[in-house]
Each structure stands twice: as C-alpha cells, then as structure tokens.
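In the two complexes that follow, chain A is the common piece, with chain B as its partner first and chain C second.
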Partner chain A sequence: MSFLISILEQGLIYGILGLGVYITYKILDFPDLTVDGSFPLGAAVTALLITKGVNPFVTLPIAFLVGMCAGAVTGLIHVKAKVRDLLSGIIMMTALWSVNLYIAGTSNVPLFSQNSIFKGNALVEALPKGIKPYATLLIIFVIAAVSKVLLDLYLKTKSGLLLRGVGDNDVLVTSLAKDQGNVKILGLAISNGLVALAGCIFAQEERLFEISMGTGSMVIGLASVIIGTSLLKKLTFIKATLAVFAGSIIYKACVAVALAKFDPKAKNFITAILFLVVLVLSMDRKAKVKKNA
Partner chain B sequence: MLEMKNISKYYNPGTVNEMCLFEDFNLKIEEGEFLSIVGSNGSGKTSLLNIICGSIPLEDGQIYVNGKNISKEKEYKRNQMIGRVYQNPSLGTCPNMTILENMSLADNKGKIYGLSRGTNKARTPYYQELLQQLSLGLEDKLNTKVGALSGGQRQAMALLMATMSPIEFLILDEHTAALDPKTAELIMELTDKIVREKKLTTIMVTHNLRYAIEYGNRLIMMHQGEVVLDKKGKEKEEESIENLLDKFNAISIECGN
Partner chain C sequence: MKKRFVAGLLGVALVAGLAVGCQKQETKEEGKESYEIGISQFAEHGSLDNCREGFLAGLKKEGIVEGENLTVQYKNGQADMGVVSQISDGFVSGKVDMVCAIATPSAQSAYNAAMDTDIPVVYTAVTDPVAAELSDADGNGVGEVTGTSDQLPVKEQLEMIREILPKAKTIGIMYTTSEANSVAAIEEYKELAPEFDFEIKEVGVNNTSEVALATETLLTGIDCVSNLTDNTVVASLPGILDKANAKNIPVFGSEIEQVKIGCLAAQGIDYIALGEQTGVMAAKILKGEEKASGIPFETISEPGFYVNLEVSKNLDIKISNELMDTAVESFESIEVK
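Here is the complex of A and B:
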C-alpha cells in the first residue's frame, strides 16, 4: 500500500513538472533543458524560505515566480541573443547549478525538522483521523489538480490561443501583428514556473534539498508527456494535460517495479531504456511547417 | 498609398556570391489600386513583397506608407496594417487548432491577447456567415482541426483570416499557385469580392497571366529587379495574354534561355 501511495505521490509531483515540459515540448516545440536547473531551483528557494521560518504554503507561489524568471531568461537568451533553443537551455541549466548553490547555501539542506505543507500546519491537523495517513497524497493531489485546471483555463484564453499559435505556425502569429519572440518567452516562463513548483513540492515531500536532484528531470518530464499523450491519444475525451499526469504515474510505476527487481545503481540505466522504448514506440516527432516564405 | 524609394537589396553582401537584386528601385502604389505583378522566377516579385512586409532586411532606401517612413519598423508591427496570404496554404492557418479557434485568433488582430476567453460565442454566427460565402461547408465544421482540411479549404480560410480585421494592404504571394484550377478560380473570385467590398489596396504576385489580365486595375511585369512593363486603367484593360507572353519571351531571349 505504501508502495502504491509513494508512486502516486511522485507521479503527481512529476506530473506538474510534466505540465511544464508539455508547454515547451508539445506546444512550443522547444526542447527546453532549463528544466534540469529550474526543478532544483524551486527546491532551493523552498529550502531557504522554510529554514528561515516562512510559512510553507507561501513557498509555492514564490517558487513558481522564481521559476518563471529562470524560464524568461532562457527565452531572452534564445529570442534576443538568437542562441539556438537547445543551447539556451543548456546555458541556463549550467548557470542555475551555481545559482541553486548560492540560494541554498550548501549542496545538501535537510528539512526533516522543519514544518512543511505536509506537516505541522493547521490544515493537516484539521484533517479527520482516518484520512491523516493520506494527507501528503491528498495535498499533492489538490495542488496538481489546481495547476492542471488553471493551465487548461489559460490555454483557452486569447493569450493561450496565441501561445498555441506560436508552436503551431509562427508565421501566422507574426501576421497577426504580434511579436512571436515575446510569446515564446512567456511560454518558457510559465513552463519553468510549473517545473519550479514541482521542485518546491518535491523538496517538502522528500524533506531534503539536494543539488543534483534536478539531474534527469527533463527526461522524466519528456517521458511523462510522451507516454501520456501517445498512449491515451485514442481517448479523445481525455485532455492532454490529464494524459500528462497519467503518463507520469505510469512512468513512475514502471521505474518503481524495475527498481524492486534490480540494483539501485541501475536506476538511470532503466530510466534511459524506458525512455528509449517509449520514444521508439510513439515516434511522434511531428513534421513542422517550415518557414519558407 | 505606398511608396518605395531608392530601394537597394543585395543577397549575400560582402561575399563572392554577392548578388544585386534591386538597385535604386522605385515603385508607387496608389490607394485602392489592385496591382498584379508578373515576371519570371528570380525577377524579384516575392522579394518585393518581403521588403514591403519587412520579412527581409533592406540595404538602402525607404518605404513610405501614407507619407510615413516604415522602413525601420519591425515585421510584426507593419503587419498591423497588412494582411498577407502565402503560396503555401499551411502558412496562413494553425493546423492543430480548430476552425473556430483560428477565426477567433484572426478576429482579435490589432487588439490585446489577454486573459479573456479566447473564443467568443457571440461572434460565432458572424464567423459562420463569413465561412458560408466560401460555399465549402466549413460553417458546419467549426470544431474541426484545420489540419484536417484540404489545401484549398485552408487557403480560403487564410484569405478570410487575413482580411477579417481592418487592414490597409492585402499582399497575395502566388496564393492560388498550389491549388487545383477549379479551387484557384474560386479563391480568385473570393479575393476580388473581398477587395471590392473592403476597398483594399492589393498587391498580387501571380504566375497566372490570365488572372493578372482579368483581375485588378494595374499590371506590372518585373525582370531582374526592374519594372519592364507598367499598365494602368484603360491601357491595362486592353492588354492581352498574347501580348504579355510575347513580352515574356522577349525577356527570356535576352537572358539566353
């Protein structure tokens, strides 16, 4: 039972990260490696704030905003300095490693004795006794659901339509007298905001900030998006954002089952193989409309 | 009114492959003119449109719109007053979005793309009315993704979307070239209707000499970055396809083709 709960918790947290990757990878068609840096960025900010005694719930919006800033910088590097998309992400990811160390102070900040959104606050205390063992899962679920609904609503606004337009056909967005660069920056900001939010929750769930916790998070996010959207694409009534969560939970379950059978040293190897299998099975790199005008 | 003054455009400047396309090129387009541009490949027709829209940089010269110099303005800013339809039907629409979403995007051109609802239910009848005049049955498929439509249907939508908001210039870049003859005819008729209704100043590049003769009130032929023929009003009406073809052949012989 605790095995299952742990999978669901981790799946939902990485699902929020997956929402961010969904924006860049699926909507903007931008392979954004900033994720590997903005995930621990959210965690570092959280570790700093919580050890300073800030209300744990306040760390959620702050981590989101700090993540947005990181994404916006990646966007500025790409749009204004005209650096290639992949390289802009790598530059930011590299820089964020040091930024995270500066924010957190050291490479490892334990949060075991601190209050968090899961422990030592009025909300958790108020829960009925029967639900208490599931408090962590419940809180993660609520945050994940709110993130998903808000993103769905945003994608239906005029600004959201324009964001989808940029990924679909940037020539049209220019024709609509809008600077497609600014729209891309906005998309990257929202994406990394969600990723940092996931990092914030992850740090509180694991009760730890660790500098290398972001390594491979881009791959996990990508795997969630691809598993979710390609496995569930036949079920058209399921929104892509929901499919991302499903993908993330499926992915976490596969890794957990594999880890139960293999040595923990094999973790990243299993991750890589699983990702490769998913990629080969889905083969959904779409042919894009190229700018030929 | 659009005026191009002393335009110079080089490709690959500063290299051994430097190629001069325009040198001291001048062109004046009056308000309400429907200008057709014909010419062989590489004569600078599409480059001319790209220069007007700001899609490619300019080495020298100025572009004036109603007396205002816009040659330093960014492409997306100029597009505020320009509607453009490309040769490639997929460049004018978003394939992964529905017809309704595409129309809503175009409807909002010139306004702020904020956090209000993207698709406005109250405007749906208006979109349907616009789509109805295409007689392609698109008005009943508002929730279909545009990617599922044929090239002709997409181009028709692209034309509607480009002319939906108030614009001054309509730029047509061989917009019927990728379509079958029947659809091309339909799109051309629709173009003419919209241009008349909205009194748009129009610049159309085409390889179809018949369209160049039949539609519009001014015709120019371009060759190696220069205007070699310019007919307006009555003169243009008397022009015939045979005449144009002769002129075309004369140019090609000069080139040694």
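Here is the complex of A and C:
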C-alpha cells in the first residue's frame, strides 16, 4: 500500500512539472530546457525561505513567482535577443545552476528540523487521525488539483486562447494585432512557474535541497506529457492536463517496477523498455482509429 | 492484430510486475534470527562500492552473513535524486529491518523516509553528518540514525605534502560545485594551508564533461595537485593523472584506490575499512544490543599513509625512510584498470 502511495506522491509532484512542460512542448511547440534549472530553483528558494522561518505555505506562491521570472528571462532571450529556442533554454539552465547555488548557499541543504507544508503546521494537526498517514499524499493532491484547474481555466481566457494560438497558428495571432513574442514570454513564465512549484513541493517532501535534483527533470516532464497524452488520446473526455498527471504516475510506476524487480545496473534499461511498451500500446490505438475511419 | 496482442501481453506484464513489486515489498519472512536490510547506494562508483563490500564484511564478522541469516536488497540511485527517494520509500514500505545508506543524499533520503517508523538507518561515506542534519553537534543521531563519516584528514595530508615536497607553494584542487562534501573539504584546505605555508588554487566543475578542460586550467601555475573524494573528479582521475604526468606534476590522492591507480601518495581513507566499521555498528543494532540513537557517529580512527613507488620513481621524487616506515601499504606498480 505505501508502495503505491509513494508512486502517487512522486507522480503527482512531477505531474505539476509535467503541466509546465505541457505548456511549452505541446502548446507553444518550444523545447524548453530551462526546466532542469527552474525545478531546483523552486527548491532552492524554498530551502532559503524555510530556514529563514517563513511559513511553508507562503513558499508555494513565492517559488511559483520566482520560477515565472526564470521562464520570462528565457522568453526574453529567445524573443528579444533572437536566440534559438533550444539554446535559450540551455543558457538559462546553465546560469540557473550558479543562481541556485547562491540562493541556497551550498549544494545540499537539509530541512529535517524545519516545518513544512507536510509537517508541524496547524492544517496537518487538524486532520482526523485516520487520514494522517495519507496527509502528504492528500496535500500534494490538493495542490496538484488546484494547479490543474487553474491552468484549465486560464487556457479558456482570452490570454490563454492566444497562447494556444501561437503554437497552432502564429499567423492568426499576428493578424489579430497581437505580439506573439509577448505571448511566448508569458507562456514560458507560467510553465516555469509550475516547474518551480513542483521543485518547492519536492524539496519539502524530501526535506532536502540538493543542487543535482534538477538533472534530467526535463526528460521526466517530456516523458510524462508524451506517455499521458498519447496513451489517453482516444478518451476524448479526458483533458490533456489530466493525461499529463496519468503519464507522470505511469512514469514513476515504471521506475518503481524497474527498481523493485531488477538488477540496479539494468534499471534504466528496464525503464526504457517499459516506456516503449506504453508507447507501442498507444500507437496501436491510433492505427485502429485509422483503420476504422 | 498480432502486434496488438503482443502489446497487450506486455501491458499485462507491466501491471503484473507492478503488483508483484508491491507484494514482494509487503511480505517478509518471520523469525528473529534472520534479517533483511536494504542498501541504498547513491551512485555507481569505486569508493562507494568498497563501502558496500566492507559493510557486508563487517556484518559477517559479527555473524550476520548474506545468504545465511541475511537478505540484502541492493539498490543504486544512479545519482538521480528522484530515484534515490523512490528507493528509500520502497525499503520503508517493504519494512526492512534496517536501511544502509551510502553517501550523503542517500542517507538524507533514507532518514527522511524512515523518520516516522522504527526502521534504523545506518549510513557511511557521509563527510559531515552534522551539516547534513543527521547528527547533532555532539555526534548523537537526530533520530534512529547513525553511521560513519569519511571526513578527510586534511591536516595530515598537508603535513605529508610539505614533507615530500619541501619547496612546493601552490596546491591545485579540482572539485564539483554540486558536492557538499568537496566544498567543505576545500574550506578546510584553505583554512589550514597557511599553517604549512601553502596556497590553494581551486577549480570547480559542474559535471564530468567539464573535467578535461578544467584539468588544463588546474595544471597551470601549481606545484602539485591534491585530490579529494569528489565523485565526479575521482571518476575522471585517470585522465587527470595522464595530463599531470606529462607535465611532471605530482598528484596526491585521498584514499587507497587512488594511490593504486597512480597518485603519488595519500594520507587517506580505506573505504573497505570504513565500511567494515559501519557493518560492525549495524550488527549491534540488528541484534538489538544497542539502538541507533544510542551510538554516536564514528570517523575512521587513524588515516593511513599510502604510497605508489612506481610513481615516485617516474617523477623522481624521493620519499624519506622515516615516512616510508609509517606506510600502511605501498604499491610497486601502477594498477591499470
């Protein structure tokens, strides 16, 4: 049981990161590598604030805002300085490594003795006894759900529709007399805000900031988005934002299976095979749809 | 159709694997005389492997033998924090009798996962347990957690370098900015260097791909190199040694394995011995003789002097007889891996 809880906890945290990657990769068609830096950025900001005695819940919006700034800078580099999309992300990711070290002060900040959104606050204490073992999962779930709903609502606003327009048909956006560059910057900001929020939660759940925790997070986000959206493509009543969470949980489940059952050296290989299986399954669906059409 | 069948079959296998994965974690053999431990190792790495080997040897010394009365689940995090965290959760949900964590991030993650349970965590290769918040300032664990530290004997190392190279002025050190252990060691080097009339030149890298370039920077304007236990740098040590040898710059190591592969000498740690020391501690806790919270963390009692004679011949550096007499082990040739 706790094995599954752990998968769900991890899956939901990285699902929030997945939402961010969904905006850039699927909506804006922008492969944004800033993620590898903004995930630990959220964690570094959280570590700094919590050790300074700031209320853990306040760190959530602050991490989001700081992440937004990082994303906006990537956007500015791309739009204003006309650097290629992939390269702008790489530049920011590289710079953020040092920024994170400066913010956190050192490469490893333990938060064991500090309060967090999961421990030592009135909300957790107020939960009934039967629910307490699931408090962490519950809190992560609520934050994930709120993030998802807010993003869904945002994408329906005028600004959200423009964002989707830039990815699908940028000529249309220009013809509406809107600057697509600004829309892109906003999209990148929101995306990295979500990623930093995930970093903030991860740091509090692990009670630790570690500089290397962002390495490879872009890949996890991408895998979650692709697995989720392609696997659940046929179920049209499921929104893509929900599919991202499903993808992220499947990703973490694959890693957990590979960890539990196989030689440590083979772990990454097994994880890769499991992805392939998932993707083949979803491809089959597409073929079937085509045949029927 | 066939493809779909195969894919479906694989899908079922995935779900079954997950189910079995859970099940395996949930069931455990009963009986007090046999133990099940989980080993969470941060990365694939010679020194850390030695820790693990030593740890099991230490348990064996106390009569807890793998395959007889000990089941070991060994997991490697491959230096990925997300995976490390999943490993810790897996051990805790599988209710192992003890988690052995090798290297700082693994230890912190294991302690975090086991905090609210009665599963003890025994760590090794954690340089500064106090800074990692695994121990209070007096050396007592913050919970059911204890272990051994691999703090470098910096003072002894500087003393040794001064003795071998009386005229040397500047020591170059390469480290990874992400490794807290190394950063702490650099600080100590800087603090103690003036005492021995040395200057420290530090070069920081972020990952393995930067080591080659950084080596060139490191090797200009220095008299010798002193190497830490930095995971990234140690993994690239053969390349650094090559370039240093070409310039006739001696490289000092920090543990036995480094001297074996071509460092001139070291006042260093033997990770197998460190692991063994940890294993003996772990056995006491497993047998119920002591609680983890009752044992303060330990450091290796005495650093050993290791020297490689082939390197000293190549560089034409004489090691005094007095120093040679203190050597724990000397190597006649450079081991090629």
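Heads up, the rule we're going with is that the second predicted complex is superposed on the first by the 261 of 293 C-alpha atoms of A that agree within 3 Å, B and C clash if a C-alpha of one lies under 4 Å from a C-alpha of the other, contacts with A are read in each partner's own complex, and residues count from 1 in each chain.
Heads up, the rule we're going with is that contacts are C-beta pairs under 8 Å (C-beta built on N, C-alpha and C of every residue); 3 or more make two chains touch, one makes a residue touch a chain.
No experiment lies behind these values; they were computed from the predicted model shown.
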Partner chain in contact with A:Ala177 - chain B first, chain C second, else both or neither: first
Which superposed partner A:Ser2 touches (first chain B, second chain C, both, neither): second
First (chain B), second (chain C), both or neither touched by A:Asn169: first
Chain B versus chain C as contact partner of A:Arg207, first or second or both or neither: second
Chain B versus chain C as contact partner of A:Lys158, first or second or both or neither: first
Per-residue touch tally on chain A - higher for chain B or for chain C: C
Shared chain A contacts, counted only where both chain B and chain C touch the same residue: none
Residues of chain B that touch chain A when the two form their complex: 46, 50, 55, 74-77, 79-80, 83-84, 86-88, 90-97, 101, 104-106, 108-110, 112-119, 162, 173
Residue ranges of chain A touching chain C (in the complex, touch as defined): 1-7, 10, 14, 97-98, 101, 106-108, 110-113, 206-208, 210-213, 215-217, 220, 252-257, 259-261, 264-265, 267-268, 274, 277-278, 280-281, 284, 288
Touching residues (chain side chain A, partner chain B) in the complex: 154, 156-162, 164-165, 168-169, 171-172, 174-180, 289, 292-293
Complex contact set, residues of chain C against chain A: 3-4, 7-8, 10-11, 13-14, 17-18, 20-22, 24-26, 41, 44, 74-76, 78-83, 85-87, 89-90, 92-94, 104-105, 108-109, 111-112, 115, 131-134, 142, 177-180, 183, 206
